[in-house]
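Just passing along the structure, written as structure tokens.
We just call them A, B, C and D in the order they show up, numbering each chain from 1.
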Amino acid sequence: MTGPDYLAALLLLAGALFFLAGTLGLLRFPDVYTRLHALTKADNVGLGLIVLGLSLQSGSWLVAGKLILIWLLVLLAGASVSHLIARGARLRGIPEWRR
Amino acid sequence: MSAAGFYALAGVALVVLGLYGLAVQAHLLRKLLAVNILGSGVFLVLVGLGGPADAGPDPVPHAMVITGIVVAVSATALGLVLMLKLTTTSGRPTLEDDAPREGPEA
Amino acid sequence: MPDLYHALTLFLLLNLGAGLWRVVRGPTAADRMLAAQLFGTTAVAILLVLAQAGGVAALRDVALVFALLAAVAAVAFVRRAWPQPEDEHDRP
Amino acid sequence: MSLLQTGIDALLALGLVWLAWRALACPDLFRGIVLFIAFGLLMALAWVRLEAPDVALAEAAIGAGLTGALLLAALARLNRIAPAGTRADTREAWRNAPALLLVLAGAGLGLAVLSLLPEPAGLQAQVAAELGRSGVSNPVTAVLLNFRGYDTLLEVLVLLLALLAAWSLEAEPPRREAAPGPVLDLLLRLLLPVLVLAAAYLLWAGAHAPGGAFQAGAVLGAAGVLALLAGWRLQPHLTGLPLRLAIVIGPGGFLLVAWALLLTGRPLLEYPPALAGALILLIETLATLSIAATLAVLFQGSRPAAEPPA
């Protein structure tokens, strides 16, 4: 393994860590709003880091561009869905967690 | 066992689960889920048995499964329309025989 | 490197399995749908990693389709399957 | 095969069975549907592991997009028609099951599969030998549109049949959709052009790489479903003849090609090798349009003309 390989591996591992954090948040956070917060960490940062690591490994600008397009699409879907669900939850009076 | 073997056996399990669900579930939406799972099991067996050999995967079951997936979704859509129509007419999303009888004594 | 990719795939799959607990537990329908949303993202990550591991470019197309349709089920949920609050559909 | 890969396959296979079981057995229907959506997702991953990227594409478009939306929308309508009817006591039902019969059937099927596994006998060699004359270089597309073209012809006719049956049932017209709101509207405006582009790309790529009419049609159909969910409707002057034309142009064009070939004295759907590539692209393009229109209209469930103009 060479230098870029180590960097890519590091990015992939960091991405995996964010997926773990997202899942843990989904399991441990107390209400739907905080869980949304955890979910978007996996969408934005977790997938982002993995896409970055894989782009380094792919060795082709075309593939890297496609990977980034996929990431942007997931971001768009994740952000919109999070908004729609949070708004829906408020309209339906799902209570927020209070300590 | 090869990877394809795992999936073919999982397919058998899905066929059995689907048949079971189809037989014992009263709710028609659940029956539709069961049919879909049954179909997925059949697809897995088909592709698993033609699975990656030395000559590569067999494209014929792949083609059959692709048509199968599209037919399954259109059949599901039709099934859902039928279910809704039946529910509007009879007030229950179940077939007559599955529902508890509501005789005059009830 | 291939081992790293496969280990990563396995790890992401285990993540997905853990997320299933939220689908089963709920408590609200929104929680279950959220978990399904996370599964979609995880599947995209798995597909991209597997594409790199096996050198199969077509898997990136599968990931692309997943990314494109990630919102469909959730939008169907928000717009249809979630019981509407009373005033919502009376607006023009 | 490394231990890690075996672990992935074992986990996926077990996950599929577990999800199917929970989807069928859990008491709440909504939960069952969400589990079924997750099941479709894992199916796509399983196809990838089985080296079937074409199937994975179709499953991703249909399993992850369309089926979930279809089931959720139907559940919503069901809740409106019969609010009490969506909770059936499954426990009761699971007790009275003909379990022994099913265990026997499962054992028989399992034995059959196990006996067939050691010597996979496929048609790889035959397909590879004829691939040069098929007009495309993706073997799955060659099988779908050339070697077994009659299969695909009947399949698009099945789609049409399903739509005609659904329309003939005169289901209740869908309720007026609430206003989509700025976020959903923006999502659609950004996503729909990309979806159309991706469908065109999949259609074009199908000749030499995984993709093709079914995958492209499913992606385009999902775009239609998304638009319907946001409350976008066809202009009234498009719901009549133009929509019906889009629905029948796939099977119609396919039949015309088959008929024209018969007139030249060839067997049914045997293309001249020089024209095969162009004919396949033509049929696939028309089929993509029809599959997309049919899937989107099936999602709506009722005849669009029956709706009052908004």
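Points to keep in mind about this one:
Note that in this section a contact is a pair of C-beta atoms (placed from the backbone, for glycine too) under 8 Å apart; a residue touches a chain by one contact, two chains touch by 3 or more.
The structure presented is a predicted model; accordingly, all values stated were derived computationally and were not measured.
Separation of subunit A from subunit C in touch steps, taking the shortest path, is 1. The leading chain pair by number of C-beta pairs in contact is B-D. Separating the centre of subunit A from that of subunit B, both taken as means of CA atoms, is a distance of 33 Å. Taking the mean of the C-alpha atoms as each chain's centre, subunit B and subunit D sit 14 Å apart. In terms of their C-alpha centroids, the spacing between subunit A and subunit D amounts to 28 Å. Centre to centre, using the average C-alpha position, subunit B and subunit C are separated by 22 Å. Touching of two or more other chains is recorded for residues 33, 35, 40, 57, 64, 68, 70-71, 75, 83, 88 of subunit C. In subunit B, there is no position where the chain touches two or more neighbouring chains simultaneously. Counting partner chains per residue, subunit A has residues 73, 76-77, 80, 84 touching two or more of them. Chains that are in contact with each other form these pairs: A-C, A-D, B-D, C-D. Of all residues in subunit C, only 2-3, 6-7, 9-10, 13-14, 16-17, 20, 23-24, 26, 29, 32-33, 35-36, 39-40, 43, 46-47, 50, 56-59, 61-62, 64-66, 68-73, 75-77, 79-81, 83-84, 88-89, 91-92 touch subunit D in the complex they form.
Residues 1, 5, 9, 12-13, 15-16, 19-20, 22-23, 26-27, 32, 35-36, 39, 42-43, 46-47, 50-51, 54, 57-58, 63, 66-67, 69-71, 73-74, 76-78, 80-81, 84-85, 88-89, 91-94 of subunit A are the ones that touch subunit C when the two sit in their complex. The residues of subunit B lying in touch with subunit D in their complex are 1-21, 23-27, 29-30, 32-34, 36-37, 40, 43-45, 47-53, 55-67, 69-71, 73-78, 80-85, 87-88, 91-94.
Interface residues of subunit D, counted against subunit C in their complex, comprise 2, 4-5, 7-8, 11-12, 15, 19, 22, 26, 30-31, 34-35, 37-38, 41, 44-45, 48, 53-54, 56-57, 60-61, 64-66, 68-69, 72-73, 75-77, 79, 175-179, 184, 187, 191, 194-195, 198, 202, 205, 209-211, 215, 219, 222, 225-226, 229-230. Those residues of subunit C that touch subunit A in the shared complex are 1, 4, 8, 11-12, 15, 18-19, 21-22, 28, 30-31, 33-35, 37-38, 40-42, 44-45, 48-49, 52, 57, 60, 63-64, 67-68, 70-71, 74-75, 78, 82-83, 85, 88.
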